[in-house]
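The next block holds one structure in the form of structure tokens; read it before the comments.
Chain naming follows the written order as A, B and C, and within any one chain the residues start at number 1.
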Amino acid sequence: MQKQAIFQSKLLPYALVAPQLAIVLIFFYWPALQAVIQSFLLQDAFGLSTSFVWFENYLELFSEPAYFETVVRTFFFSFAIATSSLSVALLLAVMADKPLRGGAVYRTLLIWPYAVAPPVVGVLWVFMLHPSLGVLSRYLRAAGIEWNPLLDGNQAATLVILAAAWKQISYNFLFFLAGLAAIPKSVLEAAAIDGARPMRRFWTVTFPLLSPTIFFLLVVNIVYAFFDTFGIIDTMTRGGPGTSTVTLVYKVYNDGLIGGNLGSSAAQSVILMIMVIVLTGIQFRFVERKVTY
Amino acid sequence: MVEQEGFRRYVAHIILWIGIAIVAFPVYVAFVASTQDNALIANGQMSLLPGGHFFEVYYQTIFVGTSGSTREPVGNMMFNSLVMALAIAIGKIAISIISAYAIVYFRFPFRMAIFWIIFITLMLPVEVRIYPTYKIVADLHMLDSYAGLALPLIASATATLLFRQFFMTVPDELLEASRIDGAGPLRFFWDTLLPLSRTNMAALFVILFILGWNQYLWPLLITTRDDMQTIQIGIRKMMTTNDALTEWPIVMATAVLAMLPPVFVVVAMQKLFVRGLVETEK
Amino acid sequence: MANVTLRNVRKTYSGGFEAIKGVNVDVGDGQFCVLVGPSGCGKSTLLRMVAGLETVTGGEIDIGGKVVNGIEPADRDIAMVFQNYALYPHMSVFNNMAYGLRNRGMPEAEIKTRVEEAARVLELSAMLERKPRQLSGGQRQRVAMGRAIVRQPKVFLFDEPLSNLDAKLRISMRVEIRKLQRRLNVTSIYVTHDQLEAMTLADILVVMNGGQVEQVGNPLAIYEKPATTFVASFIGAPPMNLMSTRQDEIKSQLGGAAGEAGILGIRPEDLVITDQTPSGGVALSLTVDAIERVGAETFVYGSRAQDEQRVAATPGELPPGEVIVRIPGTEAPAIGARIRVAAVRNKLHLFSGDGRTRIEV
């Protein structure tokens, strides 16, 4: 699709795209290229010499059990965060979609957590569930649970998942609301006349019609769990205890900055890039079918 | 049927209030903690009702900072966050709207190539290229500077795509009428296209401001000086004091202060926020 | 005040498509010229070339004695009214009209005088502070007109300005446009696909088809003597009946050279129901298929059993063998009845077999 009515000018368009092009080339393409190059290089322990090692960094990475654990853990986190956050948000959206008194107030009260930064989310939850001083930990202990996410890896993972899912509820809620609003009321009325009870109506009409939204949100939530959880993890657990809350992005950060292993970190970055490209590709194919640009 | 409707509505109200409680509880706890005495909290004796130290805690947080870990007034951190968020939002809108204008309203060699070069940046968040980007910013001597904080985060295509899409919906006749009315490309942009884009710019601004304010990994890498750190980084540093007692009321007050501006923007400009969110994700 | 002259104007797109294939038109000072034709005939393209919105790939466009081919639209001293009005949605009515004047650096005081005068003429004075979205369709149309008027240009260009209005408003605006143009006496070029609009507005009518001019002239002259079968069937409603002269029934009645012409055309209003055959005229036998009674007149749709031959393919053409007859509203033959209709000699139109040439006998 192109505009028919346009301006004629030789230099002006280049001047207009120049700032963005410059920033994109300097801060995007150049670093991305560097990451790819770096991933083929190996630095000695003192950083004095660098040699080209082909795929050695990648091979080493793949032979490392810790890396695979991290991959599996990241996908598990993504799955857990996406499903829990999506189901809560869908329930709330279906309720808020009803013609209720004060509907606008409910909406406002449910969407603001979108604006809370990941590190703040981490701080809030770690404080609430801190083993010694958290206000909720008292009740967990009273219920007989040995609650200590600072020592227990599974509990730390649960905490990260809960906090990350909590933050994403508002985002999912908003998009579900929009999706529900787009379902024509007449279809639901027809289903009601066809004798479908509310619950049945939801599962046989609303839910299938909402599936594009659900799929879209699933992809967005996975990307969110990959990247935006960094701030949550870093303030909550720093990847610990052990490596029980280290995700792929956190590992890139850890191995590169803390461990100083730039080659491996770069190789991990490249793998991450490929993963994101695949995810975005899936999303675009889907979006293209629904929205025509 | 009518009775059942009533019952169902009742259930809906209850579920929504439970949802709101879940969403609000952590924040409530943070606020309560920020008004209490540190010793009480450290003992695990925190009350679930607000305490009496509100003014003293917030005064210290904003103007003095923690006494142990960062010692940097949070007011200063908020200023840094504000500058970064505004720079990202305004910078991104400014460079995107002009490049979208060029791509939609002109034909020039490499137009599509340039479009794709910009478009591809959609795919990769800053997190996957942090070290090389860090290195470039260091080479350009932009560590610990506002430019270093903002510029690399401006490099993204979302806003360009949004404006491009919007421009495509502007009727061609408006440009033709402007040409007959004697307006050249810059005049048409300034007099017609920019005013028409106001709502889109505002919606985008709301979203970008929130995203900018909430940036974490990038500022964490490139700010080393205490007086350059943003509020998100400040919180993390306050929690680092593992041996000394964390000053929880101040940490929580900082958390509340960190949430305040973006949450205010979402609530006060809800329509623009929703619009921006839906548009940028399309 | 200006003439507009098009000399062998051509437009070929980069893909090789010829949108305008050499057009010659001369619009005198103060005249109202209407370009009419079916969609895709190139009339809008031609208008936009005069405006400077499309490049000219061949020939010359001359406004007021000056060739304007390479000149920017803003410098051609023209004003244009668009089909969708193209009002600036964010500007008030006043500013919409003032914008072009401000861009030319006119003093505010004069802008104010001009806009208020235009608003008075167009009865928009009470709405100058409103935004376009607060106006009705007809009011928006008038603002678009006002934007053109205030400029006091040499030439007005109209691109189907009435097609977004409902039928009733369209007629009253049509009259207003004509009155306004007479009063201001500004050379105007007007594009429409509506032949009725074209007939009522034009001093000079330009009938276009397939990127070419079929006929130029006074509307009534074109109606009386269409140059081609395309013009014959495009101008006038219902369209002219066209039939082959090679059929025995017609050939024998026409006789001589006329019988060899190729295509015979008779307007529905020139046929009368009668048993007699006027001398030198043509009589046809029809079976009545359908009747449309619209009050003042009645349209009879009949078919000629023996006409099996298809005539030239032109828009608005009737199915082969079908004939429309316009009779007074008081009469109405029964459906299925066989009737005889006839037309006198000087109401017959003869064309060559390809429909491209009119033949006078």
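The rule is simple: contacts are C-beta pairs under 8 Å (C-beta built on N, C-alpha and C of every residue); 3 or more make two chains touch, one makes a residue touch a chain.
Quick caveat, the model's predicted, so the values are computed rather than measured.
**Q** Hopping along touching chains only, can you work out the least number of steps from chain A to chain B?
**A** Between chain A and chain B, the shortest chain-hopping route counts 1.
**Q** Of all chain pairs, which one counts the most C-beta contacts?
**A** By number of C-beta pairs in contact, the leading chain pair is A-B.
**Q** State, to the nearest whole Å, the distance from the C-alpha centre of chain A to the C-alpha centre of chain B.
**A** So the centroids are 16 Å from each other.
**Q** How many angstrom lie between the centres of chain A and chain C, each centre taken as the mean Cα position?
**A** 61
**Q** Considering chain C alone, which of its residues make contact with at least two other chains?
**A** Residues 53 of chain C touch two or more partner chains.
**Q** When you check chain A against every other chain, which residues touch at least two of them?
**A** Answer for chain A, listing residues that touch two or more other chains: 5.
**Q** Of all residues in chain B, which are in touch with two or more distinct other chains?
**A** Correct list: 173, 176.
**Q** Which of the residues in chain A end up touching chain B in this complex?
**A** These residues of chain A touch chain B: 1, 3-10, 12-14, 16-17, 19-21, 23-35, 38, 88, 91-92, 95-96, 98, 100, 106-121, 123-128, 132-135, 137-138, 166, 169-171, 174-175, 178, 198, 216, 220, 227, 230-231, 234-235, 249, 252-253, 256-257, 262, 265-266, 269, 272-273, 276-277, 280, 287, 291, 293.
**Q** Would you pull the chain B residues touching chain A in the complex into a rising list?
**A** 8-9, 11-13, 15-16, 19-20, 22-27, 29-30, 33, 41-44, 46, 48, 94-96, 98-99, 101-108, 111, 114, 117-118, 121-125, 127-133, 135-137, 151-152, 154-155, 160, 165, 167-168, 172-173, 175-176, 184-186, 188, 210, 213-214, 216-217, 220-221, 232, 235-236, 239, 248, 251-252, 255, 258-259, 262-263, 265-267, 270, 273-274, 277-278, 281-282
**Q** Over in the complex, which chain B residues touch chain C? Could you list them?
**A** Going by the criterion above, the answer is residues 171, 173-174, 176-183, 187, 191-192, 195-196, 198.
**Q** Using the touch definition up top, name the residues of chain C that touch chain B in the complex.
**A** Residue list for chain C touching chain B: 48, 51-53, 72-75, 78-80, 82-91, 99-100, 103-104, 147.
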